[in-house]
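Submitted below is the structure of interest, expressed as C-alpha cells.
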Amino acid sequence: MPIIAFIGLGQMGAPMASNLLKQGHQLSVFDINPQAVQALVDKGARAAATPAEAATDAEFVITMLPNGDLVRAVLFGERGVCETLSREALVIDMSTIHPLQTDALIQEMADRGFSLMDVPVGRTSDHAVAGTLLLLAGGLPEQVARATPVLMAMGNELIDAGGPGMGIRVKLINNYMSIALNALSAEAAVLCEALGLSFDVALQVMSGTPAGKGHFTTSWPNKVLKGDLSPAFMIDLAHKDLGIALDVANQLHVPMPLGAASREVYNQARAAGRGRQDWTAILEQVRAAAGMNTTH
Amino acid sequence: MPIIAFIGLGQMGAPMASNLLKQGHQLSVFDINPQAVQALVDKGARAAATPAEAATDAEFVITMLPNGDLVRAVLFGERGVCETLSREALVIDMSTIHPLQTDALIQEMADRGFSLMDVPVGRTSDHAVAGTLLLLAGGLPEQVARATPVLMAMGNELIDAGGPGMGIRVKLINNYMSIALNALSAEAAVLCEALGLSFDVALQVMSGTPAGKGHFTTSWPNKVLKGDLSPAFMIDLAHKDLGIALDVANQLHVPMPLGAASREVYNQARAAGRGRQDWTAILEQVRAAAGMNTTH
Amino acid sequence: MPIIAFIGLGQMGAPMASNLLKQGHQLSVFDINPQAVQALVDKGARAAATPAEAATDAEFVITMLPNGDLVRAVLFGERGVCETLSREALVIDMSTIHPLQTDALIQEMADRGFSLMDVPVGRTSDHAVAGTLLLLAGGLPEQVARATPVLMAMGNELIDAGGPGMGIRVKLINNYMSIALNALSAEAAVLCEALGLSFDVALQVMSGTPAGKGHFTTSWPNKVLKGDLSPAFMIDLAHKDLGIALDVANQLHVPMPLGAASREVYNQARAAGRGRQDWTAILEQVRAAAGMNTTH
Amino acid sequence: MPIIAFIGLGQMGAPMASNLLKQGHQLSVFDINPQAVQALVDKGARAAATPAEAATDAEFVITMLPNGDLVRAVLFGERGVCETLSREALVIDMSTIHPLQTDALIQEMADRGFSLMDVPVGRTSDHAVAGTLLLLAGGLPEQVARATPVLMAMGNELIDAGGPGMGIRVKLINNYMSIALNALSAEAAVLCEALGLSFDVALQVMSGTPAGKGHFTTSWPNKVLKGDLSPAFMIDLAHKDLGIALDVANQLHVPMPLGAASREVYNQARAAGRGRQDWTAILEQVRAAAGMNTTH
C-alpha cells in the first residue's frame, strides 16, 4: 500500500482520511488544528509537524483545504510540501478552488518538476463519512489511472473529467448551476404560494416538463444541440409568458430578480432577430453575447 | 355526444378541434380566419358566423385564443358567446392568459349566471395533433368531472389543479420556471464551453445532482420543506462558489446576468443572518422578501 | 376666454383646474368623485354629469386620469367625450400613460375627425397648486401654439417635445431615468455607510464627477456622442472597478442588484471587443444589444 | 525640499512624478519598465534598481500601481521598500486598489512601525499631466497635513476623506456610482432613440430633474435624509412607471437589465409595506436589505 500524506482535516478531509486508513493505507497527516490531527492519530495515522514533514517519503499527497491561497502556501510556503516532495510523487488537490488558480498550480508544479492533479469531490460530508463521495478527476490519463485506487477508498463514483484542470471546472459548472437554480426555484415556489396554488400540484406538473427535469436532456438535445432552431416553442412566446409572470409577480409583491434578468435575455434575443426561433436558441444567443461564433 | 362550440382554430386549436370531431362530437366552430374554419368544416364541423351563433345550443364552449382580451371580446362583445349561451352550458377557456384576467372572467361569467373553467394545456402542437396534450384543469370538482370526457379527447393526461383559476396558475408557474431555467442553463453551458470543458462530462455530473435534477425533489424535501435549515451545504459557501463562478465568467467574457442576480439574493440572505443556514433556506429568504411571514 | 372641459379632478387635476379658473377660464368639470366636483364648483366651475356633457361646447378638453384605459373610456365610452365633441375642439391628454396607448388614441381620434395632443406634466402636486408645473407638450406645431395660453395657466415652463406622442415619450424617459437612478443611488449610499465613510465626503467628491452630475453633460458629449471612443477611461478598467465594488459589497452584505446587472453589461461589452474603448462606448454596446446599427 | 521615492511610472504615475520634479523635489524612481525610468531620469530623477534602493533616505514614498498585490509586493517583498524605509518616512499609496486590502496594508505597516496613508486620485491622465488631479486623502489629520504640500504638486484639489482608508473608500463609491450610472444612462438613451424621441429634448427635460441632476442634492435632502417619508411621489407610482417603461422597452426590443433589476427593488419595497411612502424611501429599503437597522 502506498504511503499517503493528507493535508487538511476539516469536515470533509477528516472522514476522507479515515476511509484511507480503513483501507489499510499508511497516512501521514497535517492540519493546523491539533485536535483534528489527534483524532486521526488515534485511528492509526502518523502526525506531521509541517507539510514538508508529511510529504517526506509520500507517494501521494492529498490536499483538502478551504481555498487556493492555502493550497499554494501548503505547497510552496516555508516548510511546504515541495521542500521534501519526491519527483515521483503525485499531489492530488481535492479542494474546491478557483479553476484558473488550479491551472496556475499545475503549471508551477510542473515548472519545478512535480505533478499535481485536481480531484474535487461532489456530495456532502455524510457521503465523505460513508466513503461514497463523487470524485471529479482532472489530470492526464496516467494520473487518473494511478490515483484511482487511492481515490476509490473515499468515494464510490469517479468521473474522468477529461484532462488537467477539468475536475475543478466541472465542479464549478455543477455548483454554479445548482446554486443559481436554487434561487430560481425559490422564485417559482413563492410565486406559486402567492397565487394560492398548491405546491404539490405545481410539482406534479413540473415533474413532467423542463421546469422540473431541466433542459439539458429534454428540450435541447433534438433542437439547439442539433442545430435545429425551427420553433417547437418560439422565443417570442416564451418572452410573452415571462412578461405575464413578472406582471403577476409585481402585482402580488413577489420579487423575482432572476426572472427579471431572464426576460432581458429573451428581449435581447428578439432584438437579435431570434423571435421566431425555438426557445432553445437562447443557448446561441448567450454564446453570441459571450463573443463566440454562432452559426445559427 | 354533447354539442360543442369551438372558438379559435390556430396552431393548437385546429388539431384539438379535429380530435373532438374524431371522437364523434358535433362541433360548431368559429375563427376570424375563414380558411381555418373551412378546414374544420371539411372534417365535419359546422361553421358559425359569430361566437354567438357558435354557442347556440352548445353544451360546452371551448375557447383557445392568443390572449385574454380576445377571450373577453369573444364572450362579452357584440355577437359574443353570452348572447346565446345557455345557463346550463360550460365554457372551457383553454387559452394561456393572465391568471388575474382568468379570475375576472370567471367572476363576470358567474355574475351573469354562466359557468367558465380554465383548462390550459401543456406540451406542443405535435401533441395537439396526436391528442396527447397535458390538460391542466382549473374549476370546481363537478366542472372538472363534467368536462373530463370532452377534455380527454384532446389529451392523454389530466391534472386537477385544485379549483377555479388554478389551471392557468399552474401553467404560469410551469412556464415561468422552464423559460427562466432555459436562460440559466444557457449561462452554465456557455461558461462550460469557455472553460474548455466537455459538455458531455458536465451533463454526466449534473445528471446526478440538483444542477440537472432540480431542487424540488432533491435538496428541498428533507430540508427547507420540513423546516430543517441545519446546513448540509451552507448559504455562505454557496455564495462563495457563486462569486468564484462569476469571477471566472467575467475573466472569460461570459455574461451571466442570472448568475449575477442570484448572487445578490444570497448576499441578501447573508445580510438577513442566514449565512450559516442550509442553502435551501433561500426559499425562506425569498418568502421574506415577498413580505410573507417566515417561521425559520 | 375659451370654454374648457376638465375631466379628472384628483391630486393633480384639481389644483390644475383651479388655476385655469383663476385665470378666468370657463370650466365644465367631471369626476366620478362628487366631492372633487363640488370643490371646483365652489370655485366657479360648472358640474357636468358625464364626459359628454362636459365636452359640449368646449374648445379644449383636458383629461388628467390615472391610466390609459380610463382615458379611452372617457373619450370613446358611453356618454363619452366623443358623443358631443366639436371637430374644432382640441383634446389635451395630460395623464401619464403608456406611450403606445397615446399613439393609438391620437390615431383613433384622428380616424373620427378629432384632435388629441399629449401634454403630461413634470414636478409635484405642490407645483400643481402653485401653477408652476413643467409642461411636456406633444403635438403638431399648431396644436402646441394653440394650447400654450391654456397650458401656461397651469405651469411656468413649457417644452415642445417635437411632435405628436413626444410629450408622453419624454415623460417616460425622464421618469425611467430618475426612478431607476434612485435605486442605484441607494446602493451607492448604503455601500458608503457599510464602508464607514462619511456620506458628506462622498457627496463632496461626487458633486464634481459624473457620479453626481450624470454622464449626459460630462463624459458623453466629447466622446461617444462625437463618435470618439479613444479611451479617457477604459471599459476594461471600469469593469475591474465594478468588480472590486461588488466584491466589497458582497463581503459587507450590501445587496447591489443594479451594480451586479451593470457589471454584466460591461462584461458583454468586453466580449464584443470593446475592452479598450472609452467607457462611454457602453452607449454603443447597448445600442447594439437593442439590434441597432452601430458604426463604432 | 523632501526626498521622495516614486514607485510606479505608468500612464498616471509618470506625469505625477514629473510634476513633483518640476516643483523642485528630489526624486528616486523605480519601475519594472526601464524606458519609463529613463524618461524620468532625463527630467532629473535618480534611478533606483529596487524599491528598497528607492526608499533609502526617502521622507515620502509614493506608490502608484495597478493593483493591491503589487503594492504589497513592493512594500514587503524581497528588496522591498520596508527593507530600507525609515520609521520617520510616510508611505502614500495613490493606487486604486481594494479598500479592505488598503486596511490590511495600513495595519501591517503599523505592526512593523511604519506609516502608510491612502491618497487615490480622481480625474484623468490629462489632469495628471496638467497637475490638476483630484486628491482623495485618507489618513490621520497629521498625515494629511504633512503630505499636503507634496500632494498639491500633483493636483489642484484635495479632499480630506476623514481618516485612514477613507481616501480609497470614497474613490470606490465615486467610481461605482459613475460606472453603473453610465450603463443606466445608456439604457435611457437607447430607449429614447427607439421611441423616436429627440435626445436633445430628453436632455433638456432631464437637466431640470433628478434624472439629470441626480438624487443626492434634489429629492433626498428634504425627504429620506430628514426622515420624512410622506410621499411627494409614491413608491407605488414609481413602480408603476418603471413597469410601463419596461413594457415599452420590451415591445421595442431594448434590453434594460438595470431597469429590470430596479423594478424588483421597488417590488420588494412594496412587499415590505412601503408602497405609499415617498420614493426616496428606497434608501431605507436598501438599508434594510443590507441588514441595517431602519427607523423608518
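By written order: A, B, C and D. Residues from 1 in each chain.
One rule holds for everything that comes next: contacts are C-beta pairs under 8 Å (C-beta built on N, C-alpha and C of every residue); 3 or more make two chains touch, one makes a residue touch a chain.
As the structure is a prediction and not an experimental result, all values here were calculated from the model.
Should one ask which of C-D and B-D has more C-beta pairs in contact, the pair is C-D. Spacing of chain B relative to chain C, judged by their CA centroids, is 35 angstrom.
With centres taken as mean Cα positions, chain D sits 32 Å from chain C. A straight line joining the Cα centres of chain B and chain D is 47 Å long. Annotation for chain A: residues 247, 253-255, 257, 260-261, 264-265, 268, 271, 289-291 touch two or more other chains.
Contact topology of the protein chains: fully connected, every pair of chains touching. On the chain D side of its complex with chain C, the touching residues are 96-100, 122, 124-126, 134, 136, 157, 159-162, 166, 169-198, 201-217, 219-220, 232-233, 238, 241-242, 244-245, 247-248, 251-255, 257-262, 264-266, 279-280, 282-283, 285-287, 289-292. Remark: chain C residues 257, 261, 268, 271-273, 289-291 touch chain A in the complex.
Those residues of chain A whose C-beta lies close enough to touch chain D in the complex are 239, 243, 247, 249-250, 253-257, 260-261, 263-265, 267-268, 270-271.
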